[in-house]
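Scrolling down, you'll hit the structures one after another.
In what comes next, subunit A is part of two complexes: it sits with subunit B in the first one and with subunit C in the second one.
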Partner chain A sequence: MNPSWQLFLVLIISLEISFTHRLIANLVLIVIAAIILILQRLHWRTYLRLLFLPAIPAAALAVTIGCFSPGHDWWFAAVLASRVYAYVFLGATVTVTTTPLKLARSLEQNAHLSAKYAYGVLAAVNLTPRTISAIKTIRASARMRGIELHFYSPTLYFKAILQALRWSDQLVLAMESHGFVENQSRTVAEPILVSVSDWLIVVGAIICLQVILIAFP
Partner chain B sequence: MQSKRGFHLRDIIFLALIGILFGVIYYGGDFIYNALTVALTPLGYGPMANDLTMGLWCMAGPLAGFLLKRPGAAFIGEFLGASGEMFLGGQWGAANLISGFVQGIATELGFTFTAYRIYNKFTVVVETLTTTLVTFGWDWFRNGYDHFKPSTIIILLIVRLLSVFLFSGVLVKLISNLVNRTHLIKN
Partner chain C sequence: MNAIEIHQLTFAYQKKQPVLSIDQLTIQLHRFTILHGPSGSGKSTLLKIIANFLPRHGGQLSGQLRMPKSQRVAMMFQDPGMQFALDTPRHEIEFALENLQVTSTDIAPRVDAALTQVGISDLADRRFATLSGGEQQRAALAVIIAMDADILLLDEPFASLDSHNRQLLIASLVQLQQAGKTIIIADHDLSGYRGLNADIVSFKDKVVRLSHDQAQFLLDQAPAQSIVTDLLDTHESPAVSLHHFRLKRADQLLIDQPELEFMRNRVTLITGESGSGKSSLLLSLAGLLDYEGSVTLFKWPLNSFKPRELGRKVGLTFQRASDQFLNVTVAEELALSRRQGKQTYFNNDRLNKWLKRLGLSKMDDRVVYSLSGGQQKKLQVLLMLMMGQPLLLMDEPFSGLDAQSAADIAALIRACQEHSGITVIMVSHQFTNLSSLVDYQLALANHQLTYQGRKQS
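On to the complex of A and B.
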């Protein structure tokens, strides 16, 4: 499926279930998303993470509403818990079926997002492994001088920002020297098309969701 | 999204990088969040973990506002940070984008109300208030806060206010003071 269309569909569904309190719709969404995820044949650890991490906030919400709130409304507790799973599973269908590069290209070509946003963010995302090691370096070098930098130490963020400034300068230079010019029309190396099936899936899914939301509790 | 002066490629990369760097720093935040949730649930305050850590999640936005000092910076900083974190492997996936959008508007409003002219302690207070209220309003729907006991709701609101004030307010201001002293960012 087209990455942009898929992302928009997931966002629309997530927004809609945030404002409607329907258990069946949430469960249907969880099952569909789970089938999509299973078909991707991911590593078993990813499945475990997807299964157990949402359990904590889901259980917290359910227990608070079921045991500690005036109405002891277990039905609403189930709605909220299932909604947490729906969010996470739907969100995961986007991140596991597409890569940042594909999504950036699709957003530029299909969603007409300005190229500087698409590729600017992509450039930053591609630096993720280096940002992880940069933070480790900052912490280690402080520790060598007997200073422990915590997540609430301004110095840690300050040094990270200096790093971000330097990298953004270097990345801009690199991109411009490869011929990237802001706000100029660009040719496309790998066209990403929106097919009829994308439209059908999006429209069909949204219609089905409305029907389920109205018909079932 | 475009302001009068617009954002250039350099700003966009910088804001997205800040979001990701911060995401890495409080990657442990997910762990703290989960541990707090487990600890607080038996007391009936499980959702408080969300309010306790809210200030951390919202840091990128106000920081971008204080550093770049122009309309849209806070929103774009927060939203790009969330987009970056989407692929960082946090537990929320694409749902990050919606939270990022809401938090972006929440933090941006603080700078809108001070007309993008004042960047002092007063801005910290205004921005803390808008961030707290808007994100709380969002959780009202998303996390079913309307079903909680009134006393619980008030405690959660106060906890969130303190968290946002300490992290997205005071800590962000301290960081931006450090950065501004270097004169590396020209406004």
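On to the complex of A and C.
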């Protein structure tokens, strides 16, 4: 499916379930998303992470509403907990079926997002592994100068921010030196198409969601 | 107009501190021009001005720079890792070609051709984070080749390349020049350009273009890289020993070493192809990279040290000097190393003497990140020597340094080492005039480190 349409659909669905309180709709969404995720044949650790990480906020929400709200409304607690899982699973269907580059290209080509944003964000995403190793390096270099930096040490953040500022300057130079000019039109190496099936899936899914939302509690 | 013409040009980041001033300079098109001079003399700045990055991104420019019309300029930077916006070489080249509005169907063949030309077709889809500095630099050149720029600006492009890769790249640059491109390289080291028919702009004292004869003389004179060391004396006691040591990067085997010892109170130089794993070895000895097998450091297993203890035993000068800095100004950095440092060699007099010799005196208020690449490198090495760890790992301590600065740094390391006996393991692609500093030399090839040298007389 086209990455932009997929993202658009997931955003619409997430918005709708945020403003409605329907348990069945949430469960249906979780099941559909789970099937999509299982079909992707991911690493078992990814599945574990998807199952257990949302458990903390979901359980916290459910217990708060179920035990401490005036009405001890366990049904509403279940709605909120299932909503957390629906968000996470739907989001995961986007991230596991596409790459950041493909999404950026699609947003530029199909959603006509400005290339500056699409590639700026992408460049920032590509800096993630560098950021992690930079933090490691900062802490190591501090230790070798006799200073222990903890995760709350201001120096760590000062260095990290400084690093980020320098990177952003260099990134601008890098993009410009590779021919990038703001607002100038670009060609595409990999055309990303929107097919009829994308339309059908989006429209069909939204209609089905309305039906389920209205018909079931 | 067939040249880049410069007249009465001055450039400054801060008022009254010009980093570059040129009276009169002409750089011919379709030629191979080398900007040659000590670190901090403004070579990088001139390249950035020609590329039109400066003063658009800061600083003040006065005077005249006339560029020939309709010439596309592309630039390759000193820091190989920071010139890519995307994740892999293929995607980066595609991005550049999209920017130049190359038609979709032409993009793929041009990407492949450029990758093949610099010999990195097999790295096309590897993430930049997993490539060595040398490999990244070749990828950067591939982008410029694919872009088909008319003027190629290269800022110390070979700083992290071994002589083999360097020759390969220079050969492809010469080919490009013969095909009508203009190549302008900033480099402090002429040793790789021997026999080349190139113009030289000297940045020593004042910026002038040398005559043809002067340029040829300098190029022929450039020393070839060689170093003579003694063979290992196995009676010495080791500081570090490796036992069934294996090191990998992204599932690729780098080093597979059954046994190896690094001798105590000696300077050991590790040489080898770029990407062979020299820097990774240093990182693993500093406890920053995982390895298989066992490493013994001063008779104790390396992994038995707590991070804080390890920091007191092992120092590492990073390949990128700015990674070492923790403060803002030069004075603050020096104060930190003074307060925490254990190296007794540096009393006030000696420290001031060295600061002067390294050209770092009277820089107290300068922001460390605004120093030139060479000045940062010198400050970085000084700061780490002041810390006085018994084992000091140095990753490219001479990169970006001119011959004089490199000799000064070598003398500084030697002075500290003689005063209080530290063990130094260094990785360097540049080892001209290092014979007096280096005791032992290890070559890394085919995943193995072997001691080089002649028998002791």
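The rule is simple: the second predicted complex is superposed on the first by the 209 of 217 C-alpha atoms of A that agree within 3 Å, B and C clash if a C-alpha of one lies under 4 Å from a C-alpha of the other, contacts with A are read in each partner's own complex, and residues count from 1 in each chain.
To be clear about the criterion, a residue touches a chain if its C-beta (ideal position, glycine included) is under 8 Å from a C-beta of that chain, and two chains touch if they have at least 3 such contacts.
Since we're looking at a predicted model, the values are computed, not measured.
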Just checking: does A:155 make contact with subunit B only, subunit C only, both, or neither of them? Give me first, second, both or neither. both
Note to self: Tell me the contact category for A:210 with respect to subunit B and subunit C: first, second, both or neither.
What the structure shows: neither
Counting only touches as set out at the top, which of subunit B and subunit C does A:53 meet: first, second, both, neither?
first
**Asked** Where does A:95 make contact in the superposed view: on subunit B (first), on subunit C (second), on both, or on neither?
**Response** first
Worksheet item: So, does A:195 touch the first partner subunit B, the second partner subunit C, both, or neither?
Response: neither
*asked:* For A:180, using the defined touch cut-off, is the partner it touches subunit B, subunit C, both, or neither? Pick first, second, both or neither.
replied: both
By the touch definition at the top of the document, which applies to A:169: first (subunit B), second (subunit C), both, or neither? both
Determine, under the contact definition given at the top, whether A:40 touches first (subunit B), second (subunit C), both, or neither. neither
Check: After superposition on the shared chain, which partner residues are touched by A:123: those of subunit B (first), subunit C (second), both, or neither?
Finding: both
The answer to whether subunit B or subunit C touches more of subunit A is B
Check: subunit A residues flagged as touching subunit B and also subunit C 119, 123, 134, 155, 162, 167, 169, 171-172, 175-176, 180
Within the complex, subunit A is touched by subunit C residues 51, 53, 57, 74-77, 79, 81-87, 91-92, 94-104, 107-108, 111, 127-129, 143, 147, 286-288, 307-308, 310-312, 314-316, 318, 322-326, 336-337, 339-341, 369, 383-384, 387, 389
Within their complex, subunit A touches subunit C through residues 101, 119, 122-123, 126, 129-130, 133-134, 136-138, 140-148, 155, 159, 162, 166-167, 169-181, 184-191
The answer for subunit B against subunit A in the complex is residues 7-14, 16-22, 24-26, 28-29, 33-34, 37-38, 40-42, 44-47, 49-50, 56, 59, 63, 67, 80, 83-84, 86-88, 91-98, 141-144, 147-149, 152, 167, 171, 174-175, 178-179, 182, 184-185
Note: in the complex, subunit A contacts subunit B through residues 7, 10-11, 14-15, 18-19, 49, 53-54, 56-57, 59-61, 63-65, 67-71, 73, 76, 79-80, 87-88, 90-92, 94-95, 100, 116-117, 119-121, 123-125, 127-128, 131-132, 134-135, 151-152, 154-158, 160-165, 167-169, 171-172, 175-176, 180, 182
